[in-house]
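Can you read through this structure? Questions will come right after.
When the chains are written out, they are named A, B and C in that same order, and each has its own residue count from 1.
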Amino acid sequence: MSEIAAPVARIYGEPLAEMPTDLYIPPDALEVMLEAFQGPLDLLLYLIRKQNLDILDVAMAPLTRQYLAYVEVMRTRNLELAAEYLVMAAILMEIKSRMLLPRPAMTPEDEADPRAELVRRLLEYERMKLAAQQLDAMPQAGRDLMAASVFIQRAADRLPEVRVQDLAEAWRGLLYRARLSAHHRITREELSVRGYMSQVLRRLQERRVLEFTELFDPARGVAVLVVTLLALLELARESLVDITQSESYAPIYVRLAHASAH
Amino acid sequence: MLQPTEAKRVLEAALLAAGEPVSVAALQRLFDEEIGADTLRRLLEELREEWSARAVELVSLASGWRFQTRLDFQPFLERLRQERPPRYSRAVMETLAIIAYRQPVTRGDIEDLRGVSVSASIVQTLESRGWIDVVGHRETPGRPALYATTKTFLDDLGLRSLDELPPLEEIAKTVTLEPAPEPQAVPAADPQRDDLEPRAG
Amino acid sequence: MLQPTEAKRVLEAALLAAGEPVSVAALQRLFDEEIGADTLRRLLEELREEWSARAVELVSLASGWRFQTRLDFQPFLERLRQERPPRYSRAVMETLAIIAYRQPVTRGDIEDLRGVSVSASIVQTLESRGWIDVVGHRETPGRPALYATTKTFLDDLGLRSLDELPPLEEIAKTVTLEPAPEPQAVPAADPQRDDLEPRAG
């Protein structure tokens, strides 16, 4: 679509701005031209348009002569000639010979004209050829414009979300599979005890040794005091803590079992 | 529920990141369907308006909305590209035109129209580009595949539907009406000029 | 020479279309090197400022400048892409449930309850998430670590205390107490069959 027409071909390095007007084709140009033609229809269109012939009233004799000359040059040059070119040559000669026959007066014009089918094909092909050029001229995504594609920032690794129901579901699965339900009845209280067991252990991790009373917070109510005591007793039963008192009324100390062992 | 301005920011981010057209239905998912399609379209129109002075534009295409660079700025952006994507050969473009305007067609139909055989690689080029696909088979011997253009084809050419394709020209008329061009002064509109230029591909 | 506003529009378009960091040197090519690196950086800073209220931000990285969606908007964008939120495996979830309900427990306790071995990576997954930690050691041979849930676990699950976990009796009630299904008739809902490898040792 540039304003300066690109050369049709280069011959001996010289740009050839236009197709040759006569039938003489510089030998080196022919190959280039053959590549440029999309087939016999394209070549015919070129010949017709070049002579500015009316496609609806093509003079078959000169057209056929020129076409055959091209085909002959291609053949003598040993260029690989698609079979379609030879088929078209036969069609052209057939049409030309029928044009020479007197027309029956009664037949409608369209059917009488031996060129009708060829003209129809040429017109349809030319229409598609122009459509192809128009499509090619349209802005194409990827070629003439680019889609915005902003980088999507993600948290390094999106962490799975876990809901309380998922925990219940997991436990349900355990129960189902092991059929533990008959043997393991765990009460809310027990859960609290176990939670406080963890808390006591956690505090002992920091301090190693705590005074018994330090573990109790009366402000949190009797229930918490009871649960904490139960947790301590359970920890002692499971040998996780040592509870010691040197003498009566002396302070009671709670320490991690392994800490006292070493 | 998001404020319209906030919703627009979300829309904008989603479309800028998509890299391809996004349908209104898909965009509704952004908001868990809490924003109706009509409201969404209004927001999209507002967004398009907001972007009208930029080098990137929001366009509505066959499969949805896409942010894309504006054609006028391509000369600048081209400089950043390492290589220009190759143009398709005439054979490919003619095949594409026939499929676009005469769909659904078989390879045989295309060959009849072009007057030459159509290589498998031409069809494959268009298929792998996602511009054409097989939409059925003709119930004739060999059950040849019927090709049609895809939404991606329309998207990539900036179209919303096949109706928006350039109308086919009435060739015969234009020829008879035009005066004979001088051999050395062929008008630019003369279709024989550009296309005799050999193309790679 | 472009006006600064226009240059900014070109920069913006180039960066929005790039999808990856673009170096200042590459960006200079947009303007045929007619804009110095310093001016360019100033324009980029201005552009970053202009984008500060949006869901997309312009950031400067080691390899150049990049537009990226803001992290806060990730949940929206994921809905669009219909990404499945990641999930922990059944093994991880059961281990977590056991630690939550039976804490403090050793890995051996968990294995007893699950009937299968518990790999180190499962425990590590939960530890690195900050949901469990070692609160002591049981004074048995090998002094195995005792695991308990953390405050982070409670926070992340929206609980004030462990008491708020669903009571186990309630869960037990919802478990069908039918005879154990035949191995080949395990309900399809049980996705983690493969995890039930026999316990080693």
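Here is the rule we go by: a contact is a pair of C-beta atoms (placed from the backbone, for glycine too) under 8 Å apart; a residue touches a chain by one contact, two chains touch by 3 or more.
Remember, it's a predicted structure, so these values are computed and weren't measured experimentally.
Here the chain at the heart of the structure, going by C-alpha means, is A.
Relative to chain B, the most remote chain by averaged C-alpha coordinates is C. One finds 25 Å separating the Cα centroids of chain A and chain C. Centre-to-centre, using mean CA coordinates, chain A is 17 Å away from chain B. We define each chain's centre as the mean of its Cα atoms; on that basis chain B and chain C are separated by 39 Å. Counting partners per residue, chain C has 16-19, 56, 67, 69-70, 77 as the residues that reach two or more other chains.
The set of chain A residues touching two or more other chains comprises 146-152.
Residues of chain C that touch chain A in their complex: 16-20, 56, 66-71, 74, 77, 85-88, 90, 93-94, 96-98, 100-104, 113-115, 129, 135-140, 143, 146, 148-149, 156-159, 161-172, 174-177, 180, 190, 192, 196. Across the complex, chain C is touched by residues 9-10, 12-14, 16-19, 22, 26-27, 29-32, 53-56, 67, 69-70, 73, 76-77, 79-80 of chain B.
The residues of chain A lying in touch with chain C in their complex are 146-155, 158-182, 184-188, 191-192, 194-195, 197-198, 201-202, 204-205, 238-240, 256-258, 261. Listed in rising order, the residues of chain A touching chain B in the complex are 1, 3, 5-9, 18-19, 21, 32-33, 35-36, 38-42, 45-46, 49-50, 52, 54-56, 82, 84, 88, 121, 123-136, 138-152.
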